[in-house]
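Note that the chains are named A, B, C, D, E and F in the order they appear, and that numbering of residues resets to 1 at the start of each chain.
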Amino acid sequence: MLNNHEKVKIILEALPYIQKFSGKIIVIKYGGSVMEDEELSKEVFRDIVLLKFVGMMPIVVHGGGKEITHLMKKLGIPSKFVSGHRITDKETLDIVEMILAGKINKRVVAGINAQGGLAIGLSGKDANLIKAEKLVLNESLDLGYVGDIKSINIKLLESLLYEGYIPVISSIGIDEKGQGYNINADIVAGKVAQMLKAEKLIYLTDTEGVMDRDKGIISHLSINEAKRLIDEGDIVGGMLPKVTSGVDALQGGVKKVHIINGTFAHSILLEIFTEEGIGTEIVKS
Amino acid sequence: MLNNHEKVKIILEALPYIQKFSGKIIVIKYGGSVMEDEELSKEVFRDIVLLKFVGMMPIVVHGGGKEITHLMKKLGIPSKFVSGHRITDKETLDIVEMILAGKINKRVVAGINAQGGLAIGLSGKDANLIKAEKLVLNESLDLGYVGDIKSINIKLLESLLYEGYIPVISSIGIDEKGQGYNINADIVAGKVAQMLKAEKLIYLTDTEGVMDRDKGIISHLSINEAKRLIDEGDIVGGMLPKVTSGVDALQGGVKKVHIINGTFAHSILLEIFTEEGIGTEIVKS
Amino acid sequence: MLNNHEKVKIILEALPYIQKFSGKIIVIKYGGSVMEDEELSKEVFRDIVLLKFVGMMPIVVHGGGKEITHLMKKLGIPSKFVSGHRITDKETLDIVEMILAGKINKRVVAGINAQGGLAIGLSGKDANLIKAEKLVLNESLDLGYVGDIKSINIKLLESLLYEGYIPVISSIGIDEKGQGYNINADIVAGKVAQMLKAEKLIYLTDTEGVMDRDKGIISHLSINEAKRLIDEGDIVGGMLPKVTSGVDALQGGVKKVHIINGTFAHSILLEIFTEEGIGTEIVKS
Amino acid sequence: MLNNHEKVKIILEALPYIQKFSGKIIVIKYGGSVMEDEELSKEVFRDIVLLKFVGMMPIVVHGGGKEITHLMKKLGIPSKFVSGHRITDKETLDIVEMILAGKINKRVVAGINAQGGLAIGLSGKDANLIKAEKLVLNESLDLGYVGDIKSINIKLLESLLYEGYIPVISSIGIDEKGQGYNINADIVAGKVAQMLKAEKLIYLTDTEGVMDRDKGIISHLSINEAKRLIDEGDIVGGMLPKVTSGVDALQGGVKKVHIINGTFAHSILLEIFTEEGIGTEIVKS
Amino acid sequence: MLNNHEKVKIILEALPYIQKFSGKIIVIKYGGSVMEDEELSKEVFRDIVLLKFVGMMPIVVHGGGKEITHLMKKLGIPSKFVSGHRITDKETLDIVEMILAGKINKRVVAGINAQGGLAIGLSGKDANLIKAEKLVLNESLDLGYVGDIKSINIKLLESLLYEGYIPVISSIGIDEKGQGYNINADIVAGKVAQMLKAEKLIYLTDTEGVMDRDKGIISHLSINEAKRLIDEGDIVGGMLPKVTSGVDALQGGVKKVHIINGTFAHSILLEIFTEEGIGTEIVKS
Amino acid sequence: MLNNHEKVKIILEALPYIQKFSGKIIVIKYGGSVMEDEELSKEVFRDIVLLKFVGMMPIVVHGGGKEITHLMKKLGIPSKFVSGHRITDKETLDIVEMILAGKINKRVVAGINAQGGLAIGLSGKDANLIKAEKLVLNESLDLGYVGDIKSINIKLLESLLYEGYIPVISSIGIDEKGQGYNINADIVAGKVAQMLKAEKLIYLTDTEGVMDRDKGIISHLSINEAKRLIDEGDIVGGMLPKVTSGVDALQGGVKKVHIINGTFAHSILLEIFTEEGIGTEIVKS
């Protein structure tokens, strides 16, 4: 047990990091198992509120695949996936939106507010935050209402950040006719970070980071190395959209991308407040 | 058929009403059968966007009882009501939030945006918009997570209105621990109008307005007359929270309350742009 | 006779036009016979106030040739014109200013205010709004105090528009010594529109628009066609400064120029609120 | 002849007065013979521009009785006066407005601008600056369009002052129907000073100030003394509205009222930049 | 040694305190032995910069008695004190100002800046920050240029705080003739805290806090208890102006006053970031 | 003796100069014998306050060589100079700062405030106003803490000017570790003027200006002529940093540089308010 004096000295050790990231935008993709663990989520929300109160500007983007699948099963609707995309018909889209914008988004908002922050939940429909169009992978395959991002309404996000709110974004898109789209949350997080030229884009995942072929964590990746790994097929599954979006974000002006283990309490703080960091970081060069 | 010249003369007839309500806040409770009619809803959204573009500041509050009951039935959960309140356990509250904040709210937002407006959907959880506590009607009855409004974050609403957005509010409340509550949307609409000292509070219903004992529409009510009707038991069912909240709103500074037939296209515009108006209006004296 | 329901549907038809021109600057040259018709002028003022209240930013520029000539005759001073310019000696300039800035300008301002707008009358002398120098057509001809525009104080106009006023401008110029100049109002309107990059520049005239050789109205002109008509001498008299200034304005950033019949009630609204429009429109290409 | 060193020492003597009146509003009623003297007027304009540039906020109010009478005579219309008020029919009102708002106002504006200031001329019609109603002295006498001030739009004046302009006001009023009124300029100056809580209200006249019965100048008057002089009939003619309006202005918050000889060059500066001052000053007590 | 994970958990423990004092003004009187210890001072500056970066608004007030005496001795001038006040003639005042505003103030400013803050040093002369007059204890005693505070220019402090600077104030006063005064820094700190309605006023001293007669630390005092201790003569010497000014500050709106041991590293942080706190706290009741 | 009327005419003669320099930044290097003359300094402060009140934005930069040498002698420390630079060890730097920031700076601030201005004293340490590094003339010579300017925090100066303060700057620099540096005040004045693109940079000296070889004053110098004089060794001693910094300032955007005799009362005003000016002016070409 530390005495108070030892404790404040440790708090002081955080000062250089607080100064370095003061006023900077940190986009956090919240997803994976951490979402299912109420206690762990509470810790994540507390981490986010801490970032806010020491002067950073966190933005949360979330997905919610498992809960969508769960409700669909309850309602007797089968979930179908093609190359990682959920085939999304009208009925499915309704369920996606209800789970994302109605359940998870508000759970995150309430969780952050309970820690003393002031979060505002946004679906991509709100103020046309995420303008999208139908994603067409190839002519012969119809994914239904799966969307491809066309633009982000950064004016709204900047004004909410400026007024002190923590935006919490559901990965839903909208087209000019008001049609909704289901979008991969990793891609939304990357695009939001890129458009706001965020300091950091942090993906909370269920693994320790990007693995090499021997299942060792790669702690540092340049854009070129990341691209090579993608080309050589070493990055697959749910890691693929994270790395791809991360690379795009870096090329668009984001300083650093982190893929870290969200199932480990305070991994966000470890990444931001220590020199070593954790997981995999991707940087420009 | 009118020629163009006759048409612009009719547009000009709207000028006195546009001038009268320029810059004024109009709170619209959107609910009832109109919500189930896609075409009719589209007209309502168009009416709201018109109000915005001719200089008024519309705010939409919505409920969604029928769709909640529908999804509960699908999921095999029975709906129980006591004195008009839905008994709301944890599972029910999840469904309420999914339908309200996830489905209906985003449908309204997308509908308004498709007409050229810029709506932002808000649950009472967002930025603690609707602070609430557990509603206790009497000691022996536990309604579950049914909420009583403690305060409204008008700073958020004012700043969104000022930046040109149309707020769309789901009737969900939150307490300081982040716990959600299911609240009657009529009451939310009344409280929002009251706290913002709105010019008008309009309830869209399935009937022509408040009826007298002979089923004739009462076109005009003073606060005192409304109170007397309530006391004498002439106002019952879904009309009761509307009239009660309307009276509270008037006493809190709202200019006029209207209870009109939302199943009739453009009833909002008829109320605002014509001398006669429609339905029942309640005024201070 | 239409019922109220039919009327609000017609008002709704204006929505796309209101949205399209929201926040846009519309410069209106008010002149010709319409100025002499009190009832017709009242309708024009009402049209202008409607534009303002539905979100546009109208600016009025006016001339006043006939009333100047009328007062000169009363005072026993002959009016002399050379190539459309009034020979303006000191005494004439006094009369020009009295009629324009003292009589017509204030009549327009009062007329707009009576319709519920808030107009501010400006001569080009006010805050050096229209900086001018002596117009020299050729060495051997002295037009007196007829001016050529050097610059427009757009800062003043923008700040008045921003605060919600409707500027009403008399076509008087000023040089750095405070000397006044009589300037063609069509040219002033064109220059004001150009400097503010107005959406529309509308000339209210006594004819249906630009005519072809067979006295048919030309409903659409490109800049090149307009220039050709001028070169071939098909545009003459009072139409010449309108078309010339209109072409300059378009080349300077104005979207569309309209030459319409002001003697027909609500011609402004017809131009703005209907697809067909009226009169002649000139566009970039 | 002074050398430069002696000159800058004299400039420095003005510093205490510049500091004292920095940021203060000075309302100057410009009228009488000074208006007819071009050279003298130029000096007045220079004085006003100096006040502006050393940090004060001058506002000019002007009348123009003699030039109105002059033009009326030229047009063959007789001038009729009752108790100092010009009987003002429709035709006379037109002439009043043309002379005031069209000729004199713009002459003052141009004169100030030529000295390097930036003046904006305003009639009471502009932005409803001077709201008025028909003045009724007694039932049996109809003065025509002679007005009584109901209110002043101080928001407009404050915003123009704040942006660095010198407002120049013609004594014309307007009612809610847009009807114009001829108002005594002394009364307008007093009311403007009063509503803006001006530091000083200066009347430029053709005499040395208020005279006692022996034709000696009274250099200092309290409100009570001024009222007594009025009651005893010692203040008459054109001096009456000045003293009466001055007393009203003082009671409404103006610090000091000065009645000085405007036919003497730089009398404004003498009043402001010297300890002795000139003419008559009226103070609260 | 703690691992990173344990460290971030300790940082998180600071969150409730960061939230509680976010945006609050903390006035710190820096003085006593801590000033002479370069390493300790560095820690104090780091503490202050931490407070700033986690959202609080620290203001530093400093004295410098020992260094003044030291320089006076070097220059061969004897230091004389009467009831704790340094007799301050013209020569002494020069030395006081040189040490306070020239040496210590700039040392503090540079020290804070070196830690990454942005401090601005202010003497009470700057922008007339501390208006003072000659302090007269009794008629027969002339303390020389020892001052009594008349007012604080809080507009300047608020604007510097708002722009993100850390004000560092030397305890010098000024009268309207520009004459400087030597003022007790404890009193300056109290008055600054009071006028800004600071959240906390912290006195860094060389002792553990206010002692009772048995030399035990009194950890908590109400205003009434503090007054009683003063009246009974239990608070003497350098502790007297601290407790007296602290009581005044509390009565003027400051939330809490702390008298803590500045010779112990991070005592400021211990006071702010732990529940127990250290030293003596004085509160309203 | 002039009468009041003659006096105000002389004040009016200043108008063109007041207009010309309204809103412009004037940097004044205050130094030399004038600093030792209390009465003369008072006149300089009055001049500066006059400039401020008639709309200019004066900034004062001061040195203080003689008083530093004087205190060092009193403390028994010898002053050593190499090529015009004072060898500055730790002890010397303390004395430099005490004299500059503690004594002279506050004397100037108090002097300006006593004349009705509102000055704020700044050392280069405040808000890192003057970032500096060690000046290295050549490898073999160590000047100690003599600094070379790296950058000026113009944001701070602009915000103070905007809020109406008169900045008074001591020629002290700071590096990122908080180490102070002694910098030549002429160079500081030149750099401040350059970074703010001042209208004028005025050096108050003990001579009439730059002299030619026959000891005649050179009243006008182009940059090229000034460079030639430097190259040919005709500008030496204390005049060298003034002319060199002046040339740099002109090349960086300053309009005019003046080297004038500060021992002559009101030389600043003579330079600004008369056509002839005094001393030497250096201009771009």
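In the analysis below, a contact is a pair of C-beta atoms (placed from the backbone, for glycine too) under 8 Å apart; a residue touches a chain by one contact, two chains touch by 3 or more.
None of these values were measured; they are calculated from a predicted model.
Q: Any chains in contact with both chain A and chain C?
A: Chains in contact with chain A as well as chain C: B.
Q: What shortest step count links chain B and chain D in the network of chain contacts?
A: 2
Q: So which chain is the furthest away from chain C, centre to centre on CA atoms?
A: Centroid comparison gives E as the farthest chain from chain C.
Q: Comparing centres built from CA atoms, which chain ends up most distant from chain F?
A: Of all the other chains, the one whose centre lies farthest from chain F is B.
Q: Provide the C-alpha centroid distance between chain C and chain F, rounded to the nearest whole angstrom.
A: 55
Q: Centroid from C-alpha atoms only, then distance chain D to chain F, rounded to Å. What do you get?
A: 46
Q: Quick one: report the Å distance separating chain C from chain D, using the average Cα coordinate of each chain.
A: The computed centroid separation for chain C versus chain D comes out at 34 Å.
Q: In chain A, which residues are in touch with two or more of the other chains?
A: Correct list: empty.
Q: Beginning the circuit at chain D and going via chain F, which chains come one after another?
A: D, F, E, A, B, C
Q: Across the complex, what residues on chain B touch chain C?
A: Result: residues 2, 4-5, 7-16, 18-19, 22, 46-47, 49-50, 53-55, 115-116, 265-266, 269-270, 273-274, 276 of chain B touch chain C.
Q: Under the touch definition given earlier, write down the residues of chain D that touch chain C in their complex.
A: 74-75, 94, 97-103, 105-106, 109-111, 113-114, 118-123, 125-128, 156, 159, 163, 165, 172, 174, 176-180
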